[in-house]
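The structure under discussion appears below in the form of structure tokens.
We call the chains A, B and C, going by the order they appear; numbering starts again at 1 in every chain.
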Amino acid sequence: MEVLKTKDLHIGYKDKAILPPINVSLNEGSLIALIGPNGSGKSTLFKTLTAHIKPISGSIELMGKELSDYSSKEKAMLIGLVLTERPDDMFLKVYDVVASGRCPYTNFFGKIEKEDEKIIQESLEIVRINHLKDRYFNTLSDGEKQKVMIAKTLAQNTPIIFMDEPTAFIDYPSKIELFSLMKMLTKERNKTIIFSSHDLELLLRYTDDIWVISKGKEFVSAKKDDLLGSDILKEYFNLKENIKI
Amino acid sequence: MSRNKINIIILISIIFLGIILFILNLFIGSVTIPFSDLFNVFFSEESNPTVRTIVMDYRLPQAVTAMFAGAALSISGLLMQTLFRNPLADPSMLGISSGAGLGVAITILLTGILGGSALSTMGIWSNLGVSLAAFVGATFVLMLILGFSSRLRNMTTLIIIGLMISYLAGSLTDIMKFFSMKEDIHAFVIWGMGSFSAVGTSKLMFFSISVIIGLFASLFLSKNLNVILLGDLYAENLGINVKRNNLFIILISGYLTAIVTAYCGPIAFLGLAIPHLARFTFKTSDHRILTPAVMLIGMTVSLLCNLVARMPGFEGNLPINAVTAFIGAPVVIWVILRKR
Amino acid sequence: MKKIILILFSIVYMMSSCNVASKGKSDKHDINDTLNLVTYAKNFKILPIERGYRLTIKDGFGSDKEYYLFNDTVSIPNQFTDKQIIKTPVSSAVAFSSTQWSVFQKLGEINRVKGLLESNYSNNEEILRLVAEGKITDVGMSTNVNTEKLIYLQPDLILYTPYPGIDFSHLGELSGATMLSFPDYLESHPLGRAEWMKVVGLLCGKEDVTNKWFNDVVRRYETLSEKCSSVEDKPTIFSDLPFENQWYVPGGNSYIARIFADAGGDYIWKDNESTGSLHIDAESVLLKAQQADFWRVINSYDTPFTYERLKNENELYPLFKAFEKKQLLVCDVRECGYFEKSQYEPDVLLADFIYHFHPELLTDEWENYTPTYFKQLVK
């Protein structure tokens, strides 16, 4: 099933497009890595696709419906988000962070019902942080914090998840763990995950579908093998030679 | 014991303490009244009318004012701290108290500077006039801040603008004081010291209802406050209209500050300290617990401060602002150190 | 801290003593055109009515206030029963200002005063003793009245000093007392201020005494000022020390400026129109006052001034001619009761300055007079 589709999408700030038009479509269960040099517009693209900023022109369709036609609550049920920024509050508990993922579903006062409780529990278990749930978020390691934010997004129960630089700031074993987690979520839970990353070698090992962007250059959506067989990476990243895996 | 049970026990203890302090507020003051006389006020038909006036018409409205003012400022502080994700935020941060001060300065002082006592002879600059002026000043700054906040996404910028407005209002006040005659400054000095006794029986109902409306509204913010703790982008992703939400938070916080400052003068410290006290006592950031906790602790501490300010030794001359920080600051330090 | 408060208080007081008044109104005699009961004061009026008096007070805050005073022994005529009534002599009064209780004291009626403010700023032995004995209750400060104690006293009458923006009416409501506005500080004529003693006299049922006192004061004051009116050589004078580097000086139409003029002096800011206090920068003060002959100073400290001490306090002081020639006229307020008493002795204040300006003019009953309040600082 097609979950995301863009048509002649121009992204940028204040009427100034930073990339040629983007035409891309995504099926359920895809795991997409978005790569590109610094300043190429990765976060602008993310913000546009998650409806934080408006596209300059063109359309974004989510589950067959124009993104701007969704209410903010509906969008919250469709798109999950994991960012590099972390909440910083002394008494914020892991459980509370994950529970906030239920925000679009709970009533006016944010009351956690039985059903919500079940989903929160499940989310904690999927990322294997059940033992952390009574800890204060601030006391966790970066890798653990990352997992909590993913659990929050799982509790949000959205078909599409965007992760901004999820591999940054975490150690190597955590990175490996993260990739297998993402892979599992797309394969077993049918989530569609789009993440940006600078860990080229690692992501080329774990992901098949890759989007490449670079300033002024055509948007590229390709399979890993096709990419490795071409000069695109060399050209887009201004490298001296091609990457070999 | 589970955290929930502990919290419930703490909550009940605070309510109990609050009730005791409320009663002590009625019983203790600069005039020492024998217990039997006090007893008669509440339980007998024949009570000493003087004692009755002191207890029912002076101490009671003062205790109620202290209670609501304490709750209002503390909630206002909590909202500011959560909104700006800054532990040093307090109700005065956006310049609302300074705006109130400017309002008072304009009405009291400017009327003296321009055209002599022309305006003051109109007889409207009674206590109500001062409250009204403070409220208008505070609301004016609040509107200004709301205007800015609807244009700005970055709350740090708003803090800076708030501080600047605060300085601006403060300096305008100083300039007016500079050109004023000493007699005219008198009322301003009194207002600036802060007091819970200015409300009085006649305005108590209006004051209490105004505060209750604001407190009640703050209860409805709990869910969104919890979410914005994660950060604006996360909040927006979770379906919160961040701009509108910020506007509501500023509106309610500013409204509560404006009401209290108008009637009681600029009361310092409670708004900053009570939210921390509540967080450390209940060890949570969950506003569904924090909001009522902050209200209750705010009421209780405020009653304690009012009691101390009127202790026989101080002859009722201790300004409430001197007490709030004197009592509050060590308590906050103690609580923070103990929990570390 | 106490010292700072004291200084602050005395400065506020000082300013108020050179003040304000119903701005822009014509000169004396404007309020009373009925019986010649009030002559110099502009802000109160006493009118004899059936069996008593009507006292009208104009304090500039709200409409004029009317009080009906009846002797305790007479029955109050029906048409007045719904008015603000004060029964005289009052048996228990609270006086917010020392200018109020000092008249009670002078009349020997201090026992009618049950409460006052800021007794700790006074050096008046009798008052301090009565407060210590508990016969008079100190009910706090003018900025922070202890309402509870006031209610507990249950006074019949509260004499208060009205200030813009401050509403005392709740004190009357709570204590059941009649609130009597006493804006004596609004008078800009020295005799107008002194005349307020008549209000207290009326409250004590001793209006004859205060009337006589006042008439004596007027006679003495006018005789003295008459003598000075023709002097050619007028020594120049300026007034006050800066507070926290801010110079506030009395306006040219203020109470004290009038006394300087009537004593045959030349106040350097006499051309100024203000009845209140002027805020003047240090440079202008230096420019204008440096060559002045005399310098009037009020000392609120517990300890007396010396030139040495003043010099250490501010290095600008020695630049003034009056300082160099040791012509500082200093009043130690704690010692002489300046704030409570001098207002009712403008003739004495006047004589003080004549003593320094034109000693040869102090003749007849003023023969051998030595200053009461303002003495030349010699060391």
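Note that in this section contacts are C-beta pairs under 8 Å (C-beta built on N, C-alpha and C of every residue); 3 or more make two chains touch, one makes a residue touch a chain.
Everything numeric in this text was worked out from a predicted model, so none of it was measured.
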Most distant chain from chain C, judged by the mean position of its C-alpha atoms: A
Chain closest to the assembly centre - both centres taken as Cα means: B
Averaged-CA centre spacing for the pair chain B and chain A, given as whole angstrom: 44
Centre distance in Å when chain A and chain C are each reduced to the mean of their C-alpha atoms: 79
Centre-to-centre distance between chain C and chain B (centres being mean Cα positions), rounded to whole Å: 39
Residues of chain B that touch chain C when the two form their complex: 29-31, 50, 53-54, 57-59, 104, 107-108, 111-112, 116-117, 120-123, 125-130, 178-179, 181-184, 186-191, 193, 195, 197, 200, 310, 315-317, 319
Chain A-facing residues of chain B, complex: 3, 85, 220, 222-223, 226-227, 229-231, 233-234, 236-241, 279, 283-286, 288
Chain C residues touching chain B - in the complex, by the definition given at the top: 11-12, 15-16, 19-20, 22-24, 60-63, 138, 140-144, 146-149, 151-152, 154, 163-167, 169-170, 174-176, 185, 248, 276-277, 279
Contacting residues of chain A [partner chain B, same complex]: 50, 52, 72-73, 75-77, 79-81, 83, 85-93, 96-97, 100-101, 103-104, 106, 108-110, 134, 152, 156
